[in-house]
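Below, each structure is written out as C-alpha cells.
In what comes next, subunit A is part of two complexes: it sits with subunit B in the first one and with subunit C in the second one.
After this line comes the complex of A and B, so read on.
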C-alpha cells in the first residue's frame, strides 16, 4: 500500500488574504468523500425521469399513459393533463405576476427537448422503461430551427441595448481605412461535469431540496413561490457543486416536477436530468451574429465603430446575448453606434454562460481589430496600444483601475511577441503553419450585498457560515482566509459552512460577483466578532483582562493579549472558559443601514434588486485581460492545435492567487474549446440539437491544452470591493477565441469568422 | 425495468450455442453493448458473459505472423512489442482510439463489432426512422446533420460510417478472422450496407470471433496509421488511413503497397485503386497525391460531409509519404 504524502497547505502567512492556500475541500473531492446533491442518502426514494418533446413546435394533443402506468414499479405519470397547482415565481428582479398559474409540463411546445411529462417509479430503470410505453400524440406546427433558418428573419431591435455617441456613420465614411465583416458564434452549452437534478422531500408543508445551486436563497424562494409556501418552509442544500458556469442560478421546470411528484406521492423523489436532457432543460449560450465596421486614419487611429448584432432567443422570452457588451469599452473611439436584435426561434430560452455577452462581443471586436491591423500593415499589439482607452468613452467616467496596457505589454514580453513575423503565413515548421494572435477581454465589476455569521466556539474553533456556494472557485478557502485575517485566528482553526438557504443570505455565484461581495461581508462580520470578543474580555466579570486597564486588546495567532505585551495572554478557549462563555455568535451584512428590514434583506438575497452595475458610481469598473496564443495549423488537414498561451490579467487584488490562476486557466481552457470544437448541431427539420451528449459535443481534453502561463498585473481596487479584488471567474474566457482565430489567420492567411475553427473550414 | 438474463458461458461451445437464442448477445468489454443499451438501440433478452473464457486473450507473435485472441484488451495489444514491430499500423490504430479507460476494458472482438456513431441511429426515441435499426423505416440522417457520415459505400438507404480504427489497419493487411468453423478475411466480414443496412457483418448466430490473424509482411513492418480529427484525443476519425509500403531493391520503386481508409466509408475501406496506381512506380510526392485521389472514386456527399472528400486523399497522401520517408 502506498500512502500519499499529505499536501502542504502553504505556510502560516498563506492563511491570510492573498495567500496561496490549496482548496480545503480539494482532497474530499478527489477521493470521492464530498457528497454532491444527488448523492445525499435519503430514505424511501422514488425516482423520476423526464420525458422531453421530439418536435420543435406545436402542442401535445394527448398522452396515453395507461400502459406506462401499469408497468412494473411505476408510481405516477405526470403529463400536461395534470394540474400541479403551481403559481409563477418571481423573475430575476423580484417581480412577480399576480395569480398566474405555472405549468412546468406545458401543452404548448416551443422547442424540441422541452419537458412535457415525467414518470416516477420505484427505480430509475423502471421509469426509463415505462417511458417507452407512453403514447404521445402531437399536433405539430412549422417551427424555426435556429438563427440560420431562412424563416427566422431579422428579429426585433432591443431598444435598451442601442448605444451611440458622436456620428459613427459619418466618421466611418470619412475614414481613410475601413473594414467591415460579419462574425458568428454557434449555440454553446455549459456541459458542467455534474449534470443537473435534485432530491425533493416533504415533511408536512416543509420542503427540503438537495440541488446543485449557484444561489441557494433565490432557488429556495423559487420553490416556495411555486408551491405557495412561506419562504422559510423551503430549505435548499447545495454543499458542493460540480460546475455551474451560469446554469445553476435558478430553479428550473424539472425541479417543479420533482417536488410536485414528491408531494403527490408523499415520498421523497430524486430526479437526475440525463446528459442529453441537460442540453434543453435550460439554455446555453445563444447563437450570435454581428457585423462590425471600423474606420481609422492611415496611421491606425480609430475614428468609428459601427456594430450591429443579433442573437437567437426563444419564442417565449426575449433573452439577448449582448454582442455589443465589450465593443464600446475596449478602445478609445469618439464615434460609436451599436444596435442589437433578438431573433425568436424554437429553442429553449438561452441563458448565461461564462462571460455572457462579453464573450461573443469580444470575438467580434477583437477579430475586427486584427483585420484592421492587417489592412493597415500594422502590428496588432501596436494598434491596440495606440487606441488605448484612457477612460470609458460610453459613460465618460474614469476607470477605477485599468491595467490593460500592462496586460498587453507584460503579456507580449512574456510571450516573445517582438519576434513575430507579421506577414500572414510567414512562420512554419514543416507542414505546420504557425501563427500568433492577440485577443483582449473584459468583464464588469458587479457588486451585491451579502451576509455572514461568525461563531466562536468554546473550544476555540471558529465557524464562518454563509448561504453562498462553492462550485470549485474556492469560496470555502478564501472565506477562511478572510476570517483568519480579520479575526486573528489561524486558518486551521476555522471551519467554513456554506451552501444552505438556512444560512445567512448572499450574492449569487455568478457575474463574478460572489468573491468580492462575500469576502466583504465576512470581513465585516469577523471584525465585529473580534470587537465583541475584545469587549467581553475587557468587561466580563471573570476576565483576567478586566483589571489590566487596557482599553483594547490584540488578537493574533488565535491568542488574545494586551497590545503592549505586558499582561495576560491566552488562547481563545482559555478565555471562553475563564469568562464562562459557551459561544459567541455575530451576524452582519453589507446592506445599507436603511435597508436592514426583513423585506429588504430577503429581496437582496433573492433578486437582482440591490445589484450594482459597473458604472453606477463615479467610476467605470471592470476586469481586463490580454491573451496571446500560438497555434499550429496543419497545412493539409486544417487541424488547429493551440501550442502555447500567455494571458495577463487585471483583476485587482487576488484573494488567493493559486485559486485565481486556476479559474483563469479554467476560463482559458473553456475558451479553447469554444474556439476549436464547441457547437450545438441543430437539425434544421425539427430543431433538435443532435450532438446532445459529450461523445459528440466536444470539449477539450488534456491533450488539447498546452501549458497556460498566466500573469497578474492588477492592483487593489477599493472601489470595486471591500478587499480590493475585481471579478476573476468570467473574464478568463473572454478574448480567448479571437486570440486563437487571429493566430489562425496569421498562420494560414485564412480568416474564419464563424466559430468553431474546425478543420473543414481550413482545408 | 427491462429484464434480461445474464449468464456466464462455461465454455466456448456453450457461448456459441447461447447466441442461437433470439435476442442473445455476447458481452465482452461491454463498452459498446452498454452504451447502445443506454441509448435504447440494443435491447438484449440474454447477455452471455464471455470475459472469463480461458485462452481467448492470447497474443502470439511468430515468424509467420500474429494471432490476437478476441478477448485481448485493446490496451494489451497496443502495448505489445511484437505487434508494434510487425505491424505498427495496428498498434497505432489502437492507441489512437477511444480513451485509456475504454482501451483497458474493450476487447478486440468487441472492437470489430462496434457500431456507427450516426446520431440518428443512437436516438430512437426522437428519430424512429432508421433503416439500420428498423429496416424499411427510412433514413433520418439524410437531410439532417451529416458532418460525420460516410461518403463511400453508402446508399439512399443508409449513409452511416463505420467508426472503428483497428479494422482499417486490419483490412489493409489482409487480416483473417477465425470464427471457429470458418476463416473469413476481414474485408469480407464487413458488409457495405448499401442495400441492407441492418446487416453489418457475415457473422451468423452460433458463431463467434475467436481470433484475428495477420501474416507478417515487409509492407506491414513499414506501416503507419494516420488519424485526423479536430480534437487531439478521444474522438473518432474525420478521416484516417492505414498504409504499408515495400520498396523494390532500388529503394524507391513501389513493390507492395496497402492503403485503407477510415472515417469516410460504410465499412473498413480498402483503396485498391490507389495501390494499383502506385505499384511499380517510383514513389514521388506528386504521383502519390494524384493516386490518393482515386480513393474517392464514386464518393457521394450530403454537403455537411463534403470536406471528407477533400480531406481523405490528403490523409492518404501524408500517410504514404510518411512510410516512404518523404514527409
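After this line comes the complex of A and C, so read on.
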C-alpha cells in the first residue's frame, strides 16, 4: 500500500477566502482525536439515564422508586416528586417570565416520550438496569395523537403569518386555467449522528457543561437562568459538534436534569440521551398540510396564488412550521393570499429542522407549479422562467441579488433538460420508468452580529478565538482563511479556537446566519490587529521600522516589511522579539456603535434581539437554488430511486467552495431522504413514536445516493454580508423533495402529494 | 456492588487491562474505560455504523460486541491505523483530501469500514463501494466524497 502525502491544510494557494482549503480540523477528525462533548475526561463521573412517559396525556400519580434506589450502584432517582428549585429561562427573544418555576421532570404529561424521571448510578449499565425497577402510576387522559387524528380539528389561525396583496380570490375566479391541490409532509427528524447529551460539573457555584451546541453563549445563559446563577458562572464547551441541523440551539430538559443531579450528588454527571429518546427529547419538523390554488392565463402567466396551510404543534406552545414561507417569493404574482394554522396535538413541541418553513413550503408551491405546467401542456422550466419574479412582490423591494434565472438555465443545460420528452410515462428503459423533475428553493439571508478575538503570540502564531461553533459547516476552515487574508499570515500559522462560552460571543449557527456574521467579525478584528501590529512596528522604541520614515507597512506571507521594498523585512516572531511584545490581543464586534455596552452585547450573543430579517433593509435578500432530478421507478414494484441530480445555487460569494459543495450535497441528500423515506410514525392509540430508531426511521444510506452535480451561479452580495456570501446550509434541502415528486409524476403519470414517495402510493 | 470481571484486551497492538461488568460492550469499554474515544456511539443498537472497529481484521459493530467476547483477539480502532510516525493511513488521507465528512462523528466508523471494504475486495466499482459502505450512516451527507475517497485509496492499494 502506498502512503499518500497528506494535505493537512490544502495548499497555501487555497488559504485565502474563496480558496478550496481542506477542512482545517480534518486531521483531528480522521484520526479520532477530535473530542466531542461526552468524550472529555472528567474524574469521578456518575451516569444518568432518562425515563420517558409511556402515555400521551395525563399525569404521573406516583413513582415507586424504592426498589430502583436499592439496586446496585444507584446513587439517586429523580422523579416529578423532587423539587429541583429551577426557574424558567428566557425565550429566543430574551423575554423571561418573572418568578416562574421550571420542572424538567413534570407531573403533567403532554406527550408520549416526555422525560419524567432519571436514575443516576455509578455506571450507565447500572442506571439502565435500575430503571426497570421503577413503578410509575399514571392517570391517563384522552390525547390527540397527531395531525391526522380526527380529534385534532382545524387548529387556530396564526394571524402574524397571514399575507395578502391584490385580490387573490377574484383573480383566481377570473383565471382561464386553475389548479387546486393539497400537499402533506410528515414528521421528520434531525437524526444528527451524535446523539444529544452532556456532562455537568459543579465547582462551588461554578457550573461547567460539556454539551454539543449550536450557540454556546445562549445555552450557557439557559443554565444560568435555570439555576439562578450570574451568567459568567456557567461555562459551556462545545469544541466539536456531531451534527445539529437545528436541534442543538437551546438547552433542553435533560440538561436541567443532569445539572441538577450533579449538584445534588456533589459530583459530575454524564447523561447520554439514547437514540430512541432523541426522537422525543426535542422536536423535529412538524407534520404539515397545505392547500394551494393557482390561477393562470392560457399561456401560463400566473394570476393568483391562494395558500392555506396548517402544521401540528404541541399542546403547550404554538410553534408554526411555515408552509407559506416560500410561496410568496418564488414567482411574480399580483394577487396573493396566504393563511397558516397550528393544530395542537400531544407531541413534543416541534423545532427547526434544516430549511424550516421554506422546505415544506417549497414542496407545496413547486409541486403546484408542476401541476399547472402539466395542465397547460407546458415545459415546467418554461413556466418558471415565464413567471420569473423581477422583485419581491410581497414587500415591493428589489432583490439584493437573485441569480435564480441563471440557476434554472445553467442547471437545465448541465442536466440536459432540453432532451426531456414532456409527456408523463414517455421515458423508460426496460421496466424502469424514467422521470425528470424540477424544484426551486430559497432561504432568507438572516443577519446578526458577532464578536471575535485575534491573538498574535510571540512565537508568531495567530489565534482566532470565537464562541461560534463548527458542526461540520466549516467554521474552523473559513475563519482561518478570513484571518489569513485580512492579516497577511499563512493559514498554517493560524490556530482557530471555537465552541466555548468564555470566548467572544457570536450569532447562532442556525438559519444560515453564522458564516456571514462571523467572517465579518473576524475580518474586522484581523484588520484591526494588523493595524495595531503595524502601529507598534512603526512606533515601538526598539523597532527596526521606527526610523524607516514609512507611513505604513505591509504584512504578507507572515512577514512585515516596508511597502516600497526598501527596508527591513521581518517575520512576526522576529518583530515581536525586537519590540519586546509578548502578545498582541485585539477584540472587535459588529454591533453598532450605540450598542457596545455589556447589556446590549450579552443580549446580542444570547437572544434574537439583534437578528435582522431578509427585508428589514432596502433590499429583499435570499439564497436561491434550482434542483433537477432524474428518478427511475420500477413499473412492477413502484420502487423509486434517484439516479441523477444537478443542482444550481445562488449563495453569493463562496468562502470555501469545497466546504460549500459538501454542505449543498448534504442538504440535497437530506432532501432525498425526505422525498423517499423519512416519516415519523405515530401509534394512534397512545401517541408513541413507533419508529424511534435509525433502523425504522430511514435516512439515506450511501447506496441510495447517486453522484450529485452542484453548480454555483452566485455573485458576491455585499448587502448580505461583509464578505459577500449568502446562506449556504439551509437552502440545499429546499426544493429537493418537489423536484423528485415532480420527476416521479413525469415517470409514472401518478401525482403523489404526500411525502414520502413510498411504493405503496405508486402501485 | 455489581460483579466485575478482569479483562486483558489487545487494542492497536497494545495490551490493556481493565475490570468491568460482564455486560459492558466493547464500545463502552473503549470510550468509558480506556479513553479511546475515537470510536463513536451513534445509536448503541447496531444501526448506524459509527462504532465500527476491526476485530482480527474484520469490521464489527462494537456496540453489539461485549468486551468480554474479544479477549485474545486483535482489536483495531481509528486511533490505531495511522503509521507510528503519525503519517495518515491512505484512507484517512483520502477522506481529508476529498472532504468525505463534515461534522466528523461518523468518520471513524466510515474509515474503519472503508479500510476493511478495500481489504475485502469490495471496492471494485463505485456501485460496489456504495453498497459495501451502506452500513455506515452519514447524516451530513458526505456520501459522494466517501465514494471518491474509497475509490482513490483502493486504486492506490492495488
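We adopt the following convention: the second predicted complex is superposed on the first by the 755 of 763 C-alpha atoms of A that agree within 3 Å, B and C clash if a C-alpha of one lies under 4 Å from a C-alpha of the other, contacts with A are read in each partner's own complex, and residues count from 1 in each chain.
Going forward, a contact is a pair of C-beta atoms (placed from the backbone, for glycine too) under 8 Å apart; a residue touches a chain by one contact, two chains touch by 3 or more.
Not measured: the values here are computed from a predicted model.
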Partners on subunit A (subunit B, subunit C) - clash or fit: fit
First (subunit B), second (subunit C), both or neither touched by A:665: second
Contacts of A:191 with subunit B and subunit C, given as first, second, both or neither: second
Touched partner set for A:636, first subunit B, second subunit C, both or neither: first
C-alpha centroid angle, subunit C to subunit B via subunit A, nearest 10°: 40
Subunit B versus subunit C as contact partner of A:676, first or second or both or neither: first
Subunit B versus subunit C as contact partner of A:23, first or second or both or neither: second
Which of subunit B and subunit C A:759 touches, first, second, both or neither: first
Which of subunit B and subunit C A:422 touches, first, second, both or neither: neither
Residue contacts on subunit A - larger count, subunit B or subunit C: C
Subunit B versus subunit C as contact partner of A:691, first or second or both or neither: first
Touching partner for A:235 - first (subunit B), second (subunit C), both, neither: neither
Subunit B versus subunit C - smallest C-alpha distance in the overlay, whole Å: 5
Footprint overlap on subunit A, where subunit B in one structure and subunit C in the other make contact: 72-73, 123, 125-126, 695, 700-704
Subunit B-touching residues of subunit A, taken from the complex the two chains share: 54, 72-73, 112, 123, 125-126, 128-129, 132, 276, 431, 634, 636-641, 676-677, 681-686, 688, 690-691, 695-696, 698, 700-704, 756, 758-760, 763
Interfacial residue positions of subunit B with respect to subunit A in the complex: 1-2, 40, 117, 119-120, 123, 125-126, 143-145, 147, 228-235, 238, 306-307, 310-311, 314-315, 317-318, 327
Partner subunit C, residues of subunit A touching it in the complex: 1-8, 22-23, 25-36, 39, 41, 72-73, 122-126, 190-195, 240-243, 245, 272, 274-275, 471-474, 658-659, 661-663, 665-670, 693-695, 699-705, 707-708
Complex contact set, residues of subunit C against subunit A: 1-2, 21, 23-24, 28, 31-32, 35-45, 47-48, 50, 77-79, 82-83, 87-88, 90, 92-97, 99, 101-108, 111, 129-131, 133-147, 153, 156-157
